[in-house]
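Read through the structure below, which is laid out as structure tokens, and then see the notes.
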Amino acid sequence: MKTTSRSVRRLRRSLNPVRVGGALFVLVVVIVTILVPLLGLPDPQAQNIPEKLGGIGTPGHPLGTDRFGRDLLSRLLHGARIELVVSIGATAVALVVGVTLGMLGGFLGRFVETITMRTVDVILAFPPIVLALLIVTIYGPGIVTLIVTMGILFSPRFARLTYGQVVTVRNLEYVEASRVFGNSTLRTMLTVVLPNVAAPIIVQLPLTLATSILLESGLSYLGLGVVPPTPSWGLMVADGQRDMIANPALVALPSAVIVATILAFGLVGDILRDWLDPRRGMASNL
Amino acid sequence: APKPTASNSTAPELKIGLSADVPDLKPSRDQGAAAMMLDTMIHRGLLGYDAKGQVVPALAESFKASADNKSFTFKLRKDLKFSDGSALTSANVKKTLEFLATSSSGAKIGATMSQLASVDTPDEQTAVVNLKNANVAFPSYLADTTAAILPDKSFGAQGTSWEGAGPFKLDKTQKGVSFTFSKNPNFYDASNVNFDKATVTVYADGQARLNALLAGDVHLIDFVPWESFDRVKQDANLTLDPQSGPWMYLHFNVAKGGPLANEKVRQAIALAVNRENVAKAAFSGQASVVAGAPISESSPFYNAQLAQGWKQDVAKAKQLMAEAGYANGFDAVLLTSSQYAFHQDTALSVQPDLAAIGIRTTLDSGDWATRQQKAAEGRYDIAVAGSAGVVNDPSFLVNFVTGPAANNRSYGFDDPKLDDLLNKGLQAATDADRKAVYDQVQERIIQTVPFASLVGRSQAFAYSKKLSGFANIPGFLTFESGYTLVGARLQA
Amino acid sequence: MTDPKDRSPILTCRDLTVTFTTEGESTEVTHAVSFELKRGRTLALVGESGSGKSVTAMSLVGLLPGTASITGSARFDGEELIGATEERLRSLRGSGIGVIFQEPMTALNPVYTVRALLREALRAHGMHAETQIRLRSVELLQLVGMPDPEKRLGFYPHQLSGGQRQRCMIALAISGNPGLLIADEPTTALDVTVQADILALLRSLQDQLGMAMLFITHDMGVVAEVADSVCVMKDGRVVEQSDVFTLFRSPDQPYTRDLLAAVPELHVSGPSADEPSREEAADDVVLELRSLSVRYPGGFRRPPVMAVDSVDLRLARGTTVGLVGESGSGKSTIGRVIVGLVEPTSGGLVINGSDLTSLRPRQRRAARRNVSIVFQDPASSLNPRSPIGKTVVEPLVRRGALRGHTESRRRAGSLLEQVSLPASWIDRYPHELSGGQRQRIGIARAIAVEPEILVADEPTSALDVSVQASVLELLRELQERMHFSCIFITHDLAVVDNLADSVVVLQQGHIVEMGATGQVLRHPAEPYTQRLVAAAPIPDPLVQKERAASRRSSRSKGSSAST
Amino acid sequence: MTRFVLNRLLLGVVLLWLVVTVVFLALHAVPGDPAAILLGSEGSGAVTPEALARVRSQLGLDKPILVQYSDYLAGLVRMDFGTSFRSADIQVLSYIGDRLPKTLELVLMAALIAVVVGIPTGALAARIGGLADTVISSLTTLGISMPVYVIGTVFVLVFSLQMGWFPAGGYTAIEANPSAHFMRLVLPAIALSFGITSVVARMTRSAVLETVAQDWVRTARSQGLPRSVVFRRHVIRNSLNPVVTTLGLEIGSLLGSTVLIERVFTWPGMGSLLVDSVNSRDYPMVQGIVIVIAALFILINLIVDILYGVLDPRARR
């Protein structure tokens, strides 16, 4: 009871109008994602080629149409669904794989450190296109593969970040204390170290989200991406580029939605970071 | 040294923007547009094409076919030389043609050349080519760039050739960036080459290539992106030169048995697709509908009625599906490639048409190499393909209905009757006879559907208004357009 | 720079009030603070932690964060500081008022050499000729007693010892010949011998340069040594201000009296063995170290460190052994071996009769079930993201001794009460507690398992006297109640004197002397112990000033200062 | 130090071997027959099995994979990376040697811009805070989420075709014409730098916020140093460590990923070579590029680690 009111207070303290705006936007995106089939929009895959490349304000297509005459608004909203699944999925995989590697390497040290951190080096050393090709070969194309591939591609960021943090935290006395007072190594890592290295990881999340949206469109080229005609924002930007001169909205709108979403996720990340950090709001120097 | 005939108004250097890098030149098997362009600049065969697509003499001053179209006699021009100064004689011709005939050469015209019986060289300037079977269209195959006559050293282990008997010789290559040519003084028609130098720069991206033209960095570009046709047309300083080029079609895996082995299903597919949509969506409208066998209107073998054999008729398509026992449709994999946007767009735009007659397709759209292998191994149900005949003569169709498994042909398709007809076409003596045969061929194709044609895509060059004399050769010969650089000129 | 005879006020503060505004909420942290400091004299600012000492000092030089607003008046050399422009304050900083900060470990930028730091400071004070800067840098380092100053110029801060770093900090602070030196707890982080050196140094600098000094500390022994007058602060107010002798003799305010009473005393001259040692009485040994050695492996270019070298030690049931010695002498390492955070390199560790070195890991863990530790630093040994109630019952939860949420909350509350904290605080986080309160959490966690052996690693070093006294009282009381045996690690001899039955003196991993507390402290046999005892400050200005003077004269006769 | 470097280089060789092995096996497992690609193109006729077999044996693809692998490794030991499948005239190593500097130039230029623009921007955001911080953080988000080809295309449209300030793309060798070379470098480098600049700015911001709270900053101020000097010498200087890490990572990952920008600006770098080689299943070339990139990566990591020591004496070995 008291705990809730404290965390509510902390939450309130970490809010400001811009952040609330961001959170609302994320909420809207999520709601749209869930409700989009009920909105009565045209089928995002329905072609009407004679009406291709209609500009903003085309009757029946408020945001215009693409080269297949598909409704841009509907594709944008339906695209949100795929986009969120793919980019959040990929980021989650990267997070789990990377943080695990970084935690193990940083906390256990010695040969575990060599193995995990050098694995990370190997992943990093591969050009993404080659690594992607490799994974498609093993798994075959599809959304799951896409998520796994991007997850692996992005995991080094988290691994390095976590590793760097863990190395500084692992020698702090509260970590040692946790072990003296009976916590297993695993438990110490999960309940003591992890929460204390989380802040920079949370900051990294929206960046990874952004990169995964970009890469998603890039990988579709290898037949690894979202399979057309399913709409996804990344693909829409990539496709729209060809018709950029005829209908700039085809690039501008999805780009804008991507940027706005990432910004919003970043703001939510900020809220989360401050909320989870009981020390936040303490006076800082200078 | 400047030519005495060059007036002040002629610019000595031609700059070309090319759509792809050419790491290696192997004239016998070069099929890419970029490599063929370089081939036409460096190499020459016995015959060539003029701007209209008519076969014209090249290294051969003249040629004569025997009455049975089995033997062809070529008279070479006098004092022919390769760019390195060595003499070009009938021995070179014999060696080149015999090489093309070996099955392992991978030559583009290998199928035709496999009919070679012998090459006789009564003297240095005469070559007599004897075929096992009659082939009326043989000269047009020899006019292809891949039949260029090569110096002996090109037949080494690698078979690379950057030296030939064409209008230019290569001075310098900046790998992956550009090729610098100078005029080849040993070219038989050197007086008609109006450029002292030519630079070919690689612009892989279509938009970048166009930008280079718009910015004046180059005079001529190939492969104008379809989205940009209007843009070029609007520019007063530029000429857009489009021709109907390769044709897009669907092919099928009939080896699996199942619905696609049933010719009624294939007919239904051919009748179901909306070809205008393909043209609009995949080619920004810069493509013409092909609703029968791909024989161009200008061809003497064109048959207006048969050309509409697969005119869209959804009701009939549905009825055929029902007759075949697939009233409820079926699921299929539609193979295409995301590496070429127009391939993928073609697939996307036929998807709803197929769905309309109950064929539910999932796209398998990977990179080109993967697509090729899957197609060659039959790992698909329906595939999108784009292809050009080697020649405009309908005999080219043989490549798409018979022969070993290939990545651009229906997997497992075999129609002996059609093969027979095509063979007859090659042997028919008169044009009237041939026309009759090819009408039957077209009818047969419409019935058994070895492929379902979609559109003939426009293939355009764009060039500065200052460039005159260059022409985009119509039909499948668009890739041979480099031939017309001889005689072209550029205003300063 | 100033006439040594001139005793007019150099700094006069009137009604200095500092208010912090964070997220729209204003808190006044000091209230109308007034005091006066004469030229060449030292004013000590004392008081418990958080009473506003640092804030007051920093407000003078404009080094408070932007969230602070200051009212009142502070005149330095006749010039008003409050409300002065940043530009003006900047030019005063360093050359008018020098500042020494509390923490020598972090107060120096790690990426610059001593030379670069001094050079920058001297340039800021208007010296530009390179040769002059060089000479002056060496001179300054000599002045602060830095050994081998030429060589030290090329060192980075991390290559210096704590004492050397503090000397470097002082050199920086006096590089501009300031009329006033603000020293904010300049010796808190250092051990006694180094502290004595630094205090002596500051006094002698003051004599040479004629600076006034505003000296912030919570150590009354230090006050006794350096101060001319004292200003006692509590809750942001000055509660008493007087001459140092008067203050110690006859404190006026109850708070001051409490503060002085809380100071643990080291009886340097007293009867030996006046108290019966409990250790001798008991022969029930719960813990024994047998020729224990710990060697930390070296690294790149770092030789291995013999942190503990053949140490033999016995701890009898219910008694306390004080482990003393200068920093780095291996005290903590011994404590860490006992709780199992460090594996001994050789030798034996016997707990309740079983030799742990011969046991398997699982059995070892079982043998240590009743060994507990209070860590040296209360701030870093508590998980900042775990509410304190959760922290204190954690050891019990791990043992499965608690069933369910309510029981663990109830237990947490009662543990907090045992260390005199309100049970309702269980949902607070460590940062919301004062240092002393945090240390109590550490103790509550340590006693939660009702240990037989408690290792207390300098549990009071970070605390001010009043809190220290209450923590010590608490430990004593708990020990009486629970009868645990205690290894008490500290470098404060007065604390040992008050708490321990016997003392072990360590130097560089060796035991140099051990025995009953009274015996060792009052009749130290070894020169090292004698030095330690001599360096411990005594909260009596007369005695302490005398001792300091004699130390100084003996040093000036002997070798130069080294830390 | 020397031992450290040697150690790392040794470890690097092991890493390279791992990378080589994985790439080698992966490439052979990926669908797409190099011989078929060589012989055919979009509009090809039928390829005879004999021709395929001949090309495969020319390329050495007919041997058992283990033999191919050991041959390849043996070649590597002699620094022989083989010849490209696409032309026996193309020595893989020298061809990469031709392309690599061009990519490096582009990437390093972008990195330079990132340093020159990103660090001050991030520092500014941290120092001023408030609205400026929000604006800068939004801009950096934009920089990170805009696809590089969109930025590039817009650049060409505006600065080349509209304004005519810069050429529309292409490459001129520096020895041929230095000023033309530079003019052609500007736009792609700037376009490429957007993402990395944004990342650097963000990194700088958070590092500065952390450093500003350190005690030595207050010490520096207490010396009477001007705020700007304090900020530059004591805050920014001490915030560079994470920035260097990021830069190292970004440079490393850009090496093989510049393909889009290379396409838009017709810059003959290694990214497009890599993609072309993958597309044509030019195994020796792909392997060569991956090895070179991995080696560079290891080198960059090493340099970053050495830079740590330069930036922070505590990290010196």
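We just call them A, B, C and D in the order they show up, numbering each chain from 1.
The criterion applied here is as follows: a residue touches a chain if its C-beta (ideal position, glycine included) is under 8 Å from a C-beta of that chain, and two chains touch if they have at least 3 such contacts.
Quick caveat: nothing in here was measured; it's all calculated off a predicted structure.
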Among the chains in this structure, which pair is joined by the largest number of C-beta pairs in contact? B-D
Chain centres from averaged Cα atoms put chain B and chain C apart, in whole Å, by 88
If you average the Cα atoms of chain A and of chain C to get two centres, how far apart are those centres in Å? 47
For chain A versus chain D, what separation do you get between their C-alpha means, in angstrom? 23
What's the distance between the Cα centroids of chain B and chain D, rounded to whole Å? 38
Among the residues of chain A, which are close enough to touch at least two other chains? 136, 284-286
Where in chain D do residues touch two or more other chains at once? 30-31, 153, 214-215, 218, 221, 278
Multi-partner residues of chain B (at least 2 other chains): 339, 366-367, 370
What chain-chain pairs meet the touch criterion? A-B, A-C, A-D, B-D, C-D
Touching chain D in the complex, chain A uses residues 18, 118, 121-122, 124-130, 133-134, 136-138, 156-157, 160, 164, 200, 203, 206-207, 210-211, 213-214, 217-218, 237-238, 241, 244, 251, 255, 258-259, 262-263, 266, 284-286
Can you list the residues on chain D that touch chain B in the complex? 30-33, 36-37, 39-55, 58, 84, 86-90, 95, 98-99, 153, 156, 160-161, 164, 167-171, 173, 263-266, 268, 272-273, 276, 278-281
Within their complex, state which residues of chain C touch chain D. 61, 63, 86, 90-95, 98-99, 101, 103, 106-111, 120-121, 124-125, 156, 158-159, 169, 172-173, 175-176, 300-301
The residues of chain D that touch chain A in their complex are 11, 15, 18-19, 22-23, 26, 29-31, 134, 137-138, 141-142, 144-147, 149-150, 153, 199, 202, 206, 209, 212-215, 217-218, 221, 245, 249, 252-253, 255-257, 259-260, 274-275, 278, 286, 289-290, 293-294, 297-298, 301
Please name which positions on chain B make contact with chain D in the complex. 21, 23-24, 29, 31-32, 102-111, 157-158, 160, 174-177, 201-205, 207-209, 211-212, 214-215, 217, 246, 339-340, 366-370, 372-374, 376, 386-388, 390, 399, 403-404, 406-409, 476
